[in-house]
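Order as written gives the chain letters A, B, C and D; numbering starts at 1 within each chain.
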Amino acid sequence: LSTGKDFSSDNASGAAPEVLAALGRANGATAAAYGDDPCTAQLTERLSDLFEHELAVFPMFTGTAANALALSCLAPPFGAIFCHESAHIYTSECGAPEFYTGGAKLIGLPGAAARIDPAALSAGLAELGKGVTHHFQPAALSLTQATECGTLYSIEAIRRLTDIAHRADLKVHMDGARFANALAASGQTPAEASWKAGVDVLSLGLTKNGALAAEAVIFFDPTLAEDARFRQKRAGQVASKMRFVSAQLLAMVQDGQWLELAAHANQMGRRLGEGAAKLGIALAFPVDINEAFLELDRTVADRLRAQGFLFHPWTAEPKEGSCRYRFVTSFATEPDDVDGLVSTLARALG
Amino acid sequence: LSTGKDFSSDNASGAAPEVLAALGRANGATAAAYGDDPCTAQLTERLSDLFEHELAVFPMFTGTAANALALSCLAPPFGAIFCHESAHIYTSECGAPEFYTGGAKLIGLPGAAARIDPAALSAGLAELGKGVTHHFQPAALSLTQATECGTLYSIEAIRRLTDIAHRADLKVHMDGARFANALAASGQTPAEASWKAGVDVLSLGLTKNGALAAEAVIFFDPTLAEDARFRQKRAGQVASKMRFVSAQLLAMVQDGQWLELAAHANQMGRRLGEGAAKLGIALAFPVDINEAFLELDRTVADRLRAQGFLFHPWTAEPKEGSCRYRFVTSFATEPDDVDGLVSTLARALG
Amino acid sequence: LSTGKDFSSDNASGAAPEVLAALGRANGATAAAYGDDPCTAQLTERLSDLFEHELAVFPMFTGTAANALALSCLAPPFGAIFCHESAHIYTSECGAPEFYTGGAKLIGLPGAAARIDPAALSAGLAELGKGVTHHFQPAALSLTQATECGTLYSIEAIRRLTDIAHRADLKVHMDGARFANALAASGQTPAEASWKAGVDVLSLGLTKNGALAAEAVIFFDPTLAEDARFRQKRAGQVASKMRFVSAQLLAMVQDGQWLELAAHANQMGRRLGEGAAKLGIALAFPVDINEAFLELDRTVADRLRAQGFLFHPWTAEPKEGSCRYRFVTSFATEPDDVDGLVSTLARALG
Amino acid sequence: LSTGKDFSSDNASGAAPEVLAALGRANGATAAAYGDDPCTAQLTERLSDLFEHELAVFPMFTGTAANALALSCLAPPFGAIFCHESAHIYTSECGAPEFYTGGAKLIGLPGAAARIDPAALSAGLAELGKGVTHHFQPAALSLTQATECGTLYSIEAIRRLTDIAHRADLKVHMDGARFANALAASGQTPAEASWKAGVDVLSLGLTKNGALAAEAVIFFDPTLAEDARFRQKRAGQVASKMRFVSAQLLAMVQDGQWLELAAHANQMGRRLGEGAAKLGIALAFPVDINEAFLELDRTVADRLRAQGFLFHPWTAEPKEGSCRYRFVTSFATEPDDVDGLVSTLARALG
């Protein structure tokens, strides 16, 4: 009997019960459409408190749309957007940023463990040459926190990059698809992890965190947001019954639910990483949040799959030899799920 | 005490209980992300049965996105899309079709009661002149059924337009934001109302009908859909936890829920129209579905508002004199809500 | 023997000898590419003198590109651009403005003799409703001087429109494909006809006027031009050997050549109009510049064509009955050419 | 007295006398606008003979526009275009391909001497994964012949790349900004160097070669060109007096002028390379055409500049130490110009 669990992604999980309950509470009477409802107003207020800053908030359906909308407010069609070469916007959104911006260029920068190397950013800026008519014009920096490799930037590392960016008149976007995981792991406040570190716009992702489909673009500088609602509308991202998106977001951030769920997911990730390490398996990156990247022999991976476990290769999977595999835990992962994986791994290695 | 009800739009209502229940059922175990889940597969199968045709189905979050995605598969950037001059895509989507298509042109055509005049379509086609390099090239016709004025096209009227379109090599899109209302009112089958009448792509809207946020683009000709998933992805319209969008759609169409809810909304609309007519109020259009357009004096409208009733002027609201006001009922409108409106109207007129 | 002349358009003529001579003079030694050459610098200086204003000048290859580039600096992708419903940008550029702006909407306004009715502009602005998320946002007004019907706006008429526009925070573009004709006919100075009348950006067309392929976008407010050179580059409109475009423009404006050539073309237009009027032919519009619109019976038009004359119907040409035909003169039209047309017309009518 | 010559680029030269003479001949009588003139028809016929193939030809003003138009006919907005990481489309067109395609992605591949490494192309294709919704879809390969480093691909090398491309259903574009230089250097026929080697669309550049501003997009498969004229029009790249663009192109290709001028430029390039080599200067690449890349100490470069010589650093110019500098010859470069450079170099080195 195959009993393996699903570690393919945190978006393979469903929704947290609190989110579903909030949908029920948001239902009932009529409410003004397109975001003029009390729930959305309450969300903005709550986020403003949490982030200790005046905010312009745009509830969105997906992280891809949130990232692309944010970037379209920062970069003109002839703008260049610097990001890590493993960034989701660079590798996995089928050109959403290019679409929303009208053809801006993403420049993928190197850096260990999915963290942008500051020297690479400086070199990239120098190479473009601001004002050269033949070149895309430097417009924005996009950071991913936590990174695509499940690692964290330190506040100092972020500050180093945002300083370089701001000195070059770039605006700074943070892809926070796993922002709550970063907060839970680092103990930073939302403010410390965002605008205090030089972030101008944040894509706050709560879907992986436990919502059904709810993200928010948060502008810390409202002047950057002037175009946002028109761009959001023409992208088909303004929910008519927006209360149901806002209610999800509110349920998550209202009473610390987002951090609790993220902390649990992180704990499961560490449990998995530690279990694997004890078996002598190499971890490609430190397990800062809810993702563990294991170096496994292809035959071992196949044995796990035969037991029903789900997970993705991170690099091209060889016919023979070893490969880096990604295992993701979520708010819904149980300690037993992880322990089952580790013990199956132990058998598969043996 | 103000006790007036909200007739501003059918999207001011919340969600049908069956839809919320379906979300709960869809929750639970992990499922493949981005649409590779059993619920989405089941949806396609169910819709295929209902429409009696092979289909390519793309669950979407909003009607604006559904329309724009559909049109972007039918018209090149230099294409012309014919529609009624009151069509939602023409007046109310802040350029979503222009955005998704990369700059195609919408040509608004006249026609009584929001139904396109076939002669105007023919004239528009002749004026463009297919193959003239200086002109947008005729690409698509977009029909709205039920129309923006709450009226219905007869099957023959649709057929007349789609025949003209197909003879000119146009593809035909139907904006079905209130498709269920049209079916419920006409008694037509989904197939009769769509591909059998010459529709190539349907935006099936279920949000106004009772879902939280769930629409579907349905291609009756799969070859037209070849680009759709890439365009959908780069628009940020592919839900990672797509099962929750598909579950809403499935809950609506599975056991005829969509038609029951639409029939109720239509019945409330007719009750409202009949009540108003008995008071001697002129109806701008026949009340075919769940929308009634009343010709009211501005002072009468103000008295309704003072009682808490919500509704929108359809044409520019004058300082003095009469105006056309739109009242929309929904699956959640109660007979008492309508009766309360009618009796308040009676007093306001008196 | 067919001896009829070509009145199809002023762009059917070749180039003025002075322009070809200027190309020869511009040839020779090497020069910096992409506009950093002395000839382009001299052009900006000369135009600045002529227009009595600080300018940002962008030499372009075509009027379509000039219009589209100008508009892309005035309107965001979600912007609305008001123009006359007969404007070239609206009817004849296959969507260049939509392309360059990333999907802005052109709103065609009515008005007699191709002049925008100020009341229609005000109504259009009111209908859009600035700030309404569902609507394109008012961004620019585009005027054509001289108009597509060969008529002129008075300075007062322009002022009336630009005042409405500026009060609504619109920027004003002038399509000056026949700007020199307008100057020559009105006796206005370039400054009076442009920025003094409220024009922010001018597409100055000199190709129809006698150049090979040379137009200029002229910004009177350099802050509007900040993006222009990047947009121009990515449109493929920055000539590597730009001196040859600038040389054409300079040859035209340097010693009043543009006005002399335009005055001649206008004189030929009037001669044609007067000759036709004497034959009792109705003129659809006053002949203010080098275009005459004659109401002719289809059979008369056919007889002209049989003699080799070339000209276009302005409205759809009927099988039987009369139609409006456009006859355009140019710098190269000879009095004999016009007289030959008039005498052939006389015979054809007889 | 500074007497140094300009080796900054082949587009710093003016136009060949034959081209100016052809403009004079093309002038005179009226001609149909927008390409319906005899000269343009003759051009297509002549090119069809030269290339020994049925062709669709689009005369253009700039190489940037030619490349971008061609690519927009090969790649959808979600398409990936593979090219060398030093390709002009990748580094120097401010996003023209992204603009014309509506947001396609250019993927820069490595390879020695500006020639794409076939293994890198195969790896790039494998990484994208055709059909993966999250990824740009492989659409086109763009080759530059001669390359940006003044080197040539052999026919076999081109064939190797186009075979990989076609097997993966990519279309193949060739940026032929210096196509004539490649022909003159290799002795290949136009057909051998293009469609016989697997090229589907060629940007034929004749401006650097000796024209004022004249390029052509040549489709060997007319079905790929179906959209081209509409895209060309909305890009503002359809000359109203197109005969003057076509006349330039015709003057170049009619009697072998393009090859003679290119052969001369190449000879001057080799003379420069050989002269430099004799002085012991390292050449970064073989001098296959009219470009020589010299490794010079910054102080040597400064001495040349002090003598009035013009040339560009190819890599970032250091404060101290050596750098790679590009010297370009043209049809107008005289042997004395080269000899003067070489002797000044000798003194500067001494």
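The rule is short, and it goes like this: a contact is a pair of C-beta atoms (placed from the backbone, for glycine too) under 8 Å apart; a residue touches a chain by one contact, two chains touch by 3 or more.
Bear in mind the structure is a predicted one, so any value in this text is a computation, not a measurement.
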Chain pair with the higher count of C-beta pairs in contact (A-D, A-B): A-B
Repeated interface matching B-C, over half of the contact pairs identical, chosen among B-D, A-D or A-C: A-D
Computed distance of Cα centres, subunit D from subunit B, in Å: 51
Centre-of-Cα separation between subunit B and subunit A, whole angstrom: 34
Centroid spacing, where centroids are CA-atom means, of subunit A and subunit D in whole angstrom: 42
Two or more partner chains touched - positions in subunit A: 77-78, 93-95, 98-99, 102-103, 133-134, 230, 233-234, 238
Residues on subunit A engaged by subunit C in the complex (per definition of touch): 34, 76-78, 102-103, 133-134, 137, 227, 229-231, 233-234, 238
Residues of subunit D that touch subunit C when the two form their complex: 5-6, 8-9, 11-15, 20, 23-24, 26-33, 60-66, 68-69, 93-96, 98-100, 207-208, 212-213, 230, 233-241, 243-245, 310, 332
Residues of subunit B touching subunit C in the complex: 77-78, 91-95, 98-99, 101-105, 126-127, 133-136, 316
